[in-house]
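Presented sequentially are two complexes of chain A, the first with chain B as partner and the second with chain C.
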Partner chain A sequence: MNIIFMAINLAFALLIAPVVDSFEMKIRARLQNRQGPSILQTWWDLIKLFKRPTVEPQDSVKSFYKLAPYVTFTAVLTAYLIVPTLLPSSINFIGDFIVVVYLLGLATLSFVIGAFSSGNAYAQIGSNREVSLFMSEELLLAFIVGTIAVIGKSLSFDQLFPLPLRISSVLALLLLLLVIYVASARLPFDIAEAEPEIIEGPLIEYSGKHLGLLEYSMFLKRLLLYSLLLNFILPVQNPTRLIGYLLGIMILSVIYSTFEAYYGRFRIDQAVKLMKKLSAVALVVWIIALVGW
Partner chain B sequence: METQMLLIPVGILIIAAVVGLSKAKMALKIVSTLSAIASVVMIYIGVLGFRTTLELKYSLFNSSSLFATLNWLVFRVDSLSAFFLLLLGILSLCASVYGIKYMEKYLGKEDMRIYTFNYPIFLLTMYLVLICWNLLWFILFWELMSLFSQFLVAFEQSEEKAVKAAFKYFCMTKAGAEFLVLAVVLIILKATSFNADYSEIANILPAYLSAHPGMLYALTFALLIGFGVKAAMIPFHSWLPDAHPEAPSNVSALLSGIMIKLPIYMLLRFFISFFPLEPEIGLIIAVFGVLTLFFSMMYALLQEDSKRLLAFSSIDNIGYILLPMGAGIYFLANGDQLLGSVALAAALFHTMNHAFFKGLLFLTAGSVMYETGTRDLNYLGSLAKKMPLTAFAALIGSLAIAGMPPLNGFVSKWMIYISTLSSPATSLFGIIAIFISAVTLGAFVKYFTAIFTKPAVKEIDAKEVPLLMSAPQIVLALLCIAFGVYPFVPLKMISQALGSIGVPLASLVVYPSLVVPKTGGYSPIIVFAFLLVSTLIAFLLIPSKGSVVSTWKTGRSEDLNVSMPADAYYRDFKEAFNEVYLLGDASKDIVQKVTKIGKVLGTKFEVLSYDLDSMLSLAMILIVILVALLGGVSL
Partner chain C sequence: MIIEILKGNDAKILRHDEKVILALVPNDKLRSTAELLFKAGCYYATGVGVDERLLGVGFSMYHIFNCESEKRYVVLKAVASNLRIPSITPVISGANWAEREAMDMVGIFFDEHPEPLRLILPDDWPEGIHPLRKEFHYNERPPRIEFKPSKKEKKPGVMEVPVGPYHPTLHEPEVFELHVKGEEIVGAVYRGFHVHRGLEKLAEERMTINQIPFLAERICGICGYTHNCAYAQAVEDAAKIEVPERALYIRTILLELERLHSHLLWFGVAFHLLGFDSGFMHTWRIREAFMDLAELLTGNRKTYGMNLIGGVRRDIDEEKKKKVLEIFEKTKKETKEVLDNAAEMKELISRMEGVGVLPKREGREIGVVGPVARASGIDTDVRRDHPYAAYGDLEFKVPVYKEGDVLARFLVRYEETFESFWIIEQALDQLPPGDILSEDYELPEYAVGIGATEAPRGEDVHFVITEGGNKVYRWRPRAPTYNNLPAVPIMLMGEKLADAPIIIASIDPCFSCTDHMVIVDGEKVCRCSLDDYLRRL
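The block that comes next holds the complex of A and B.
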């Protein structure tokens, strides 16, 4: 029963993640008075990429370069065993909050190692920024994880979903909302891939199937983080959960793509400093949680 | 008969040291082989130690006078020493085999006897520290261990840096050991009435110290300094980043992998079985652990020397061991058996993990040095194509130390977070540990990519290292994977080891997962299997086969000549967290000023020492203070 639920959740994520991206493209287009592409456009793009051959740059370390996109993809996919999407899941022995955080770390790491292995100077600069941003983002995330652990007195999702309604939990989730935005490589935080300056950075040498896999994993990562946030809010065993979840995904998409449509890109140092300031805010939230509010 | 086994490594290593006195070229091979054999015996003893307690007793003087405490030389292996013996055995086996080829590089350049004589003696003293069961003998072996490891650090006599580093290391550990001597003398004289046997002390001391809190804190202070220096706990760490890189790489692997864990072993003995459990002591240790891991890793990020980066990360890992140890003592003292035992198990698990991956990483840094002759991360680059096996081993080591699932580093880090994060008192420690874990990832992305994947400044001539050097690396890498995917074997040993010092370990293992009830769960097997299977399926569905094309150079035909040296990594991050470095540098300045004052005072003292009268009166005052301390003034 539970395994079937898990399979459905996984299939849902695999199917819907690109659709969410097209949906966001559409919203951005509407905000800029454009028509926007079809809701399946991202899927068509991915299928096109998966049909194309790949290339291996001469200076690359081939084994790492070729393996990295696959590991990035499956690391994100593994996190879906732990975070339920469409249907609630009661399997909690596969992993907890920490495992999800580290699986996303594994995805980032393998992405970066692949880019460094491509032998291209722009990829090096881009991945370097990616790691800098990752480290500072993790400071904020660590405070959020700590705050949530103090509120729920646990790290296991069956204790944490949903969080009790308190000042500290609302503030912690607001911060989580921000971290998700940063972690999903959107404007103004797409610093690593900055197209105009360093020509897609880590992605510069990747093409065809590899590029498709990496983009697919980014869409999956975004949907995973949306689901994580929503799970903290939605009631677990309730028929309204399904509707709430789907509605929640749409609302988050609208919020995030609106932000994205109106911003230019940050410089990497601005982004790192912003993370540091937000971490100070998170420290205050953590103290509020300790007090018990 | 089985207990006589304990003497076999002693015999083999003494023979090895005697052989090592010869100047013949063969000596290196014989010494390395003998050390490897002794290591295998140590592993066997470690395995035996988990089944039964081995004990050997010798009455040396048959007198009950002054030497009464030294009279009994007792060797005893219980589960805790067996656990550390296993680590020592595995690591010294790898390091000894590795040394056969690696040390050949120095033949003719340096006096090989410094290595061939001191190396087996160094192994022997570490072994004796682990099996001895008497505090006075322990101090003796401990000091010998510092002495002989110091000679190994100074192996490259022609390098001024190495000799200086060895001297600094010796002075600091010697000063630390004086605190230990004081603590041991206090214990023997005041509490246990001339008894230094571990079992006796464990019987008498807890009750005595509960009645004398002043003595408890004085001893804690002395022990934390004494063992803290040896374990390189901040602020007593400054010898390590100098000493460990200067030693030959296989010795660095031993120094970082196991020698700095011996203070951890003794701290566990003292604070858990000899001392009453006090929450304050636990918190003090945890705070030192957090300071250690935070500052050392932030500084590791700056390093441009491969072995120096690894050395800073060794300090960081000591922090990751001290933090759960302190938290564990805190929880146990407060009556939380579950989290307490999980935290202590995390400390031991991380000790094991660090032995494996840091040993591995030092060996890979050694292989790179062997082929290229340099440790400069700015200069090195793109060695992965030329040294694929070493690159693979280094990648596994880097992934493991960054705590990536499903490798072994993740299991211990997960246990640390699970035990600390959800309790208010230790929550902040866990938060900082998560952040520093991300910084570790950054530092090891730098270590790995700077050596193996980034384009080199100029073409480097290198090839894969010989089998005798790559095999130990692969063995350690496989251990990192095996104990990450299947952590149940080491966890069983750890629960037995903790049981032998009186900590009941609530079973974590709910097959196929590790579960701490109501707090968290992690199933390494399922995560690993899913990662593997889904990667394979992705490979089958979307096979990637491509043609080789030249790297994109913005459309120009010649090379871009853009490359990122190691010092350019994470510049923005470093700038944003500049306060940390300012703080670190400020404290460095203070220490340097104190050293200067010490030097001035030292000179004044030397001048004074020519004056016999004042010297004598000073000595008398000191003796009076000492007598008062030891006898009259009750602490």
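The block that comes next holds the complex of A and C.
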């Protein structure tokens, strides 16, 4: 049964991730006095991209360039087997939290390697920025994982979902909310893509199916991070979990896209400085958790 | 003061009135005169090369200086002997482009020019053919020549990032070659004039004086009306035409309306480049109201088509006046709300503060104009210094900031926006009765006229030599971006790549206005595959 439930979870993610993106676009549009696209727009965009042929740039390292979108996509999908979405069933083992963090890291890494191997100047600047942002956010994430592990006394999602209500767990989840915002490349942190500056940076040379896969994995990654956060809050074996989960995604979407609509873009040095400050805060939260509050 | 400088240098005064001094300067004294004028506080506005062979003179160069202290334009005329004129670029760097343009278009050589390269003509244009000479016809196509681009040296550790020719920031085809070390810009080269439209040639050969205003308006899609006005003023100056006062007030109202919509457009673009798309959407929503206002007053949302030589074509009646004030009440509040909110956003300010600094001294040498100059502490405004239209009767402030960074340019435009509201309200209130067009004039033969307006981006200078009948002999429009662009590489040096778009946009560039003249038909010029064509670029 577990396997069937997991398949349902995966199918839900694959179907709904682009819809969440359209939903956010719609909210942003309303905040900007615009009509906004239909709720299925992202799906139409993806379908169009998958129909288009792909072009490989002349100067690229072809094997890396072609492989990168598949690795990114698979890495994110694999993480879905460990983090439950719609139904509370998943593969669990000791240290699966670490594996999810690594899988997300692998997705970013392959994305960056693919961009680097395209040989485009804009892509290289973009991936440089992506790497520096990733590094700065990694330290923060490490502290958060540490805090959560201390609170739940485990590194397996089995025992971590949901977190007990304590000062440190609330603070840790708030920080996680921030990290998710940064990791999902939203304004003001979409520095790597920055359309008016470096024309989508790492994505610039990608086209057709490859571009579609990369964008699809971005949407999937956002939904995965949402689910991760919600799982820490929602009760596990309870029929209200389903409603809570769907409602939670909508609430998170509204919060995040409202923030996005009212921000300008940071420069990379400003973003890194901010992440350093947040890391210091996370260190304090970790100490609070160790004390036992 | 200025007249003494000119007389002391053996200049022959050809015209001397309250607006313009035109002097013929001997070639050996040209450079020293120009230097003295610059030291006396005149900055270089533009230069015009003219083929005056039909007048029995030969080739000549007119250097136009804006002397704010005396509220006059000073024109130095130099006649080429054996096609040569000494260059004044070594003493005034602002003359660089104007002289190179004259080299390309008229074929005058400037002795000791530090950078005698092509500026406007494309690389595959044959040597010795100069489009603005009188024997070259507007529909002539020169043969294509083979041309090989020179190989560039690569510096280790420096990456070359092209911003353009098609880049989402520029919106028009131009190239800034940025040399980047990591994120820092260590070098910047500008290469422009990709969209030369041949307007001057067309006007001289094909059009009559009352058709050219409509051509002049098409120089720019955003600040077209001010070009239209500057041209009309230049012809009115040359022919000494008295324009009815009511027409002058109507021109003022429309000029300021244009500034409002242009500044709001700039705010929107700047917000978009800083990633703040909500601000972009809201400013453009408000801008829509000004376009509607323009439609109410002129019949067109943009490219008003209002001016003729001697006046305007449509009147503003009481009903329209009331409607304008009604809409103003609402838009003024909305504009203030959106811009104030944006000015309070810390991360927007932190992206603009201290970025892209242009020092006052270098700005003066290049001759930057408009908000760029005013943000660098140069107190210049054509509306105040050389009053035209009805600006002499109206009251307004000219904001000046010392910092010279992007934020200062933002603030200058911010204050100007609200000054424009105030000017329009005054002008509507004081609108005098009477005619709106005087048609009782005759165009003199070979008279020189200068028309200058303060476009949203800075000083617009139009230079006209009339031919008599209903034709012009030479017309040279100079858009403000022409003077501001050479300052951009200075602003870019040492900055972060992420700031390059907002720095380039901070001068409110209008590339096509600058590149005002040659159609390059890809199909006819190059019969080759796209790959070959791209390789050739």
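Quick notes on this one:
Basically, the second predicted complex is superposed on the first by the 289 of 293 C-alpha atoms of A that agree within 3 Å, B and C clash if a C-alpha of one lies under 4 Å from a C-alpha of the other, contacts with A are read in each partner's own complex, and residues count from 1 in each chain.
Rule of thumb we're sticking to: contacts are C-beta pairs under 8 Å (C-beta built on N, C-alpha and C of every residue); 3 or more make two chains touch, one makes a residue touch a chain.
Note that the structure is predicted; figures quoted are calculated from it, not measured.
Contacts of A:F23 after superposition on the shared chain: neither chain B nor chain C is touched.
In the superposed model, A:I125 makes contact with both chain B and chain C.
In the superposition on chain A, contact is made by A:V61 with chain B only, not with chain C. For chain A, the partner with contacts to more residues, out of chain B and chain C, is B. Judged by the touch definition given at the top, the superposed model places A:D269 against both chain B and chain C.
In the superposition on chain A, contact is made by A:N33 with chain C only, not with chain B. Of the two partner chains, chain B is the only one that A:L81 touches; chain C does not reach it. Using the contact criterion defined above for the overlaid structures, shared-chain residue A:F232 touches neither chain B nor chain C, since it reaches no partner. Contact with chain B, but none with chain C, is seen for A:G208 once the two complexes are overlaid on the shared chain. Taken together, the two structures place residues 121-122, 124-125, 128, 199, 268-269 of chain A in contact with chain B in one case and with chain C in the other. Residues 50, 53-61, 63-64, 66, 69-71, 73-75, 77-78, 81, 92-99, 101-103, 105-106, 109, 112-113, 116-122, 124-125, 127-129, 131-132, 134-136, 138-139, 141-143, 145-146, 149-150, 152-156, 159, 199, 204-205, 208-210, 212-213, 268-269, 272-273, 276, 286, 290 of chain A are the ones that touch chain B when the two sit in their complex. For chain A in complex with chain C, the touching residues are 28, 31-34, 121-122, 124-125, 128, 187-188, 190-191, 194-199, 261-270. For chain B in complex with chain A, the residues that touch the partner chain are 382, 384-385, 388, 391, 395, 399, 402-405, 410, 413-414, 417-418, 421-422, 424, 427-428, 430-432, 434-435, 437-439, 441-442, 445, 448-449, 452-455, 510, 512-513, 515, 518-523, 526-527, 530-531, 534-535, 538-539, 542-552, 554, 560, 562-564, 568-570, 572-573, 575-577.
Those residues of chain C lying in contact with chain A across their complex are 159-162, 167-169, 180, 182-183, 271-279, 281-282, 285, 345, 347-348, 350-351, 496-501.
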